[in-house]
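In the part that follows, the structures are each spelled out as structure tokens.
Next come two complexes built around subunit A: one with subunit B, the other with subunit C.
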Partner chain A sequence: MSGRLSILIAEDSAADRMLLSTIVSRQGHRVLTASNGLEAVALFEQERPQLVLMDALMPVMDGFEASRRIKESAGEQLVPIIFLTSLTENEALVRCLEVGDDFLAKPYNQIILQAKISAMDRLRRLQQVVLQQRDLIAKHNEHLLTEQRVAKAVFDKVAHSGCLSAANIRYLQSPFALFNGDLLLAAFKPSGGMHVLLGDFTGHGLPAAIGAMPLAEVFYGMTAKGFSMAEILREMNAKLKRILPVGVFCCATMLNLSFQRRVVEVWNGGLPDGHLLRVASGERVPLVSRHLPLGVLEPTAFNEAYEVHPLLPGDRIFLLSDGVLETHGASGQLFGEERLLEVFAAGHSPERLFDEIQAALAAFRGEAQDDISMIELSMVEDGLLARPALAFSDSGQSSPLDWSVSFEFRAEALKRFNPLPFLLQLLMEVRGLRAQGGALYTVMAELYSNALEHGVLGLDSRLKSDAQGFARYYRERGQRLQALSEGFVRFSLDVVPEAGGGGCLRIRVEDSGKGFDVARALDRPQDKECLSGRGMRLIRQLTHHCQWSPDGRGAQVEFRWPA
Partner chain B sequence: MSDIHLDQNVLASLLDVMGEEYPVLLDTFLIDSEERQRHIHEAMAAADAQALRLAAHSFKGSCSNMGAPMLAGLCKQLEEAARRERLDEAPTLVEQIGREFAIVRILLKSERQRYR
Partner chain C sequence: MAITAMPSGDGQELTIHIQGRFDFSAHQEFRDAYERVSTTPKRYVVDLKGATYLDSSALGMLLLLRDHAGGDHARISLVNCNPDVRKILSISNFEQLFQIG
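Our next item is the complex of A and B:
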């Protein structure tokens, strides 16, 4: 049995009105009466009854027009209207049901009337429940979106877009890619190169986004401290493995782009092939996944082995999320690898390719896509990109100014340990050096790789004169390092204050190698330097003073800073 | 016998519904019916088919509710004629309605006497 309702009766005949009000109020409802349509509308707006019994034909305003106004005024609420009518033509009855919800023929039958009021009340309550649930869902959804906005705001602080705005980068990413599990990170290394990571977490929503934070934290933190790509990958894998539940992991491609050495190091774990396009030959080198995604393997089983490719200015690298290949066409088929390769093979000029891929996707899907991530990186001349100054989290007030220290890294250490971030962290404690932090990183990296590769490992840089030799060089480097049983690289650092408040840093690097002919190396003509031998000239440019010991087994450089 | 003028079953159920208010309902109907017939006469005099149709329709509804089937039937014929714009048929029907209502009124008044 329905509860007590407030019911409006609009009927112009006094006897009928009286009869009906009596029936309805005897059934336990509160009754309001009107003798024409206009009165009915006014009374409805004033009293907001829950149900209306409406005579179809009335003077002043008929029941159809009154019903239309009442429905309009009721808005989303269902106020059922039952037409009272002795009309018999089908079309008149149909009209009652178009404007109202039911009709009741004269003469009135009180049992039928009661049943109809109950039925309409059920309908009214149902509509109320639907509206409440709709509002509840809307509220939950709004709540969810707010949470996502907050999460995104926090995430954007941790996993800011880094140097994605650099001139050699173009990228495409939805503002809410995070919640598709997509992640695009790029950062300048202190030595001037660039680390880039395209990641794709399993799943959707917050669970997919949550792993992005520690990943970004490691990526930016370690890159800023001068760690190598291999070390960063190892740490990211270990961290994700530790914190993510089984089944949640991150397919990723990471690049280490060096503008000075003109190489790119590539590690791909589970993402679709990247593509390296050589502008001179038109050759396309696929950057294939050779590893499991990050967060799958135990740290001991993780393999950070990467490929090294030489690059020339103008060469381009494309990385894409699998959203690109999995873009659906109008009839449900996938965009797929082949269609992508067709775009690459179509002979577009290199600088048009990024747009052409986008255009091909849009044409395939028939609408703009917003759930894909794609990045294009160009090799440029060293020094062409504007770089931000190195950022430090401490104030630099406690700056030690008069010390010297010496480290010797021997075979077992050289195999497993990269001493550069450690040494550079130490040097960055000296406030006066921070302004030239980038140069210091670059010079230290060059000195170390010269000492290790040409000195301890005895590799000949002339190998790197073409792409094949280049690959051989890095293969040899790996093998010789693995087999290393003796040898050392020694760093001696000497920080002294100078009269007037400035200071000077002297770095001496020695190695156990055979040495080299210093004079000949410095005289080597510039045009042979496309893939190698850039190191020494660079060091001369970036330091205040530098000299090589005559036997080629040591180098000494100086950095000075003013008061 | 008089059921074609006034249906006793309908009156019984009206009594059941209205209880003490039953005589008031009868009074209301009688007063309202005078009003309805006045509307019918006015519409006919003005040769307004639409107004005539509406007035006849409205009176028909009340008559059927009050259990006056013959009167309701005559109103329906008038409503039909007005709908077809056959105003020439109206005077005869209106006269018949007047006569039938006179009978119904007598019957209702006597019904009314029983519930003083």
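Our next item is the complex of A and C:
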């Protein structure tokens, strides 16, 4: 038995009205009565009864019109209307059900009337529950969207603290890509150059977004401190493995783009092929996934081996998330790799490719793209990109000004430890050097790689005269480093204050290699398009003084700063 | 989506058959397939013959199975992969973790 309802009875016959009122109030309900349709509508609007018993044929306004108005006034609420009728033709009864919810034939049967009131009340309550739940869902959804907006704003501060707006980058990313698990990061390295990462976490929503924050922190933090791509990858993998549940991981491609050395290092774990397009030859080099995604392997099993490709100004690199290949067409088929390769093969000029890929996707899909991420990077001449000064979180007041220190890194250390971030952190304590931080990073990196590669490992830079030799050079570098059992690189740093306020840093680097013919190396003509031999020239340009020891086993450079 | 698990006669091996799209919607069913068995199999076979599609969530589920089956000591083979499925497995380099046939 349902609870007490407020029921409106609209009936023009006073006798019937009386009879019905008695039956209904005896059943425990509150009764309102009207003697025609117009009265019924007015009473409904005033009293808002929960159920209506409506005579079909009445003077002034009939039951059908009155029902329409009551339904309209009730809006989303279900106010069940039971027609009271002596009509018997099918057509009239169908009409009752079109406007109302049920009908009861005259003369009235008390028991049936009671049963119908109960049934209609159940329906009314059901509708109420549905409406409540709908509103609740809408509220939750609104709440969720607000949370996502806040989370995204916080995340954007972290993720976009980088250089996605640099002149050599174009990218496409949905504003809510984060909640598709897509992640796009780019940052200048202190030594020039650029680190770029396109990541795609498993799944969607919050679980996919949650790993993005620590990944971005590691990426930006370590890049700013001068760590190498391999070290950053290793750290990102270890961190994700530690914090993410099994089964959640991040497919990613990371690039280390060096404008000075004109190379790109590529590590791809689980993303579709990236594409390197050589502008001169039109050749397309696929950047293939060779690794498990980040966050799958234990740190000890992780493999950070990367590929190195030489680049010339104008060469382009495209990275895409699998959302691009999995874009659905109207009839359900996937965009797929072949369609993408057709766009590459169509012979568009390189600077139009990004637009052409976008156009091909739009044509294929026929609507806006909201779950794809794509980035295009161009190789540009070194020094063309405006980049911000290095940022420091401390005030630099504790600047130490009169000291020297010397480090020797031997075989076992050279194999697995990159001393540069460590040395550079130390030097950045000197406030006067901070303004030239970028140049200092570059010079240190060049000095170290010269000492390690040409000195300790005995690699000949002339190997890098073409693309194949280039690949061989880096393969050889990896093998020789792995097999290294003796040798050293020694850094001596000497910081001295100068009269009047400024100071001077002297860096001396020595290695255990065989040395080289300094005079000949410096005389070698610098071919603009040559893939090697930029290092020494750079060092000369960026330091106040530089000098190679005559036996080619060491170099000394100076940085000065004013008061 | 239909996932069925079939232990071998000696209970040493459990074969999990996947039908249709293997994606996030299969999450619970796939877990049940290896968690709700009375035997303790030494080897697992995931038969992808009927799998038309596989997404990154499915890769995650395979990693969960691997974890359940002993992590680095797990013996799991993925068999009857169609070319699309094989491609997805190979992009993620899952052959380093699973035997793929």
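Methods note: the second predicted complex is superposed on the first by the 552 of 563 C-alpha atoms of A that agree within 3 Å, B and C clash if a C-alpha of one lies under 4 Å from a C-alpha of the other, contacts with A are read in each partner's own complex, and residues count from 1 in each chain.
Just so we're on the same page, a contact is a pair of C-beta atoms (placed from the backbone, for glycine too) under 8 Å apart; a residue touches a chain by one contact, two chains touch by 3 or more.
Note that this is a predicted model, so its numbers are computed, not measured.
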Room on subunit A for both subunit B and subunit C (clash or fit): fit
Which superposed partner A:H291 touches (first subunit B, second subunit C, both, neither): second
Partner chain in contact with A:M18 - subunit B first, subunit C second, else both or neither: first
Subunit A-centred angle between subunit C and subunit B, computed on Cα centres after superposition, in steps of 10 °: 80
Which superposed partner A:P299 touches (first subunit B, second subunit C, both, neither): neither
Which of subunit B and subunit C A:K106 touches, first, second, both or neither: first
Touched partner set for A:T202, first subunit B, second subunit C, both or neither: second
Closest Cα approach, subunit C to subunit B, once both complexes are overlaid on chain A (Å): 60
Subunit B and subunit C footprints on subunit A, overlapping residues: none
For the subunit C and subunit A complex, residues of the former touching the latter: 24, 56-57, 59-61, 63-64, 67, 72, 91-94, 96-97
Subunit A residues touching subunit C - in the complex, by the definition given at the top: 200, 202-204, 246-249, 251, 269-272, 289-293, 296, 298, 322
Subunit B - residues contacting subunit A, complex: 10, 13-14, 17-18, 21, 24-25, 28-29, 31-33, 36, 54, 57-62, 64-67
Subunit A residues within the subunit B interface of the complex: 12-16, 18-19, 22-23, 26, 55, 57, 59, 84-87, 106-108, 110
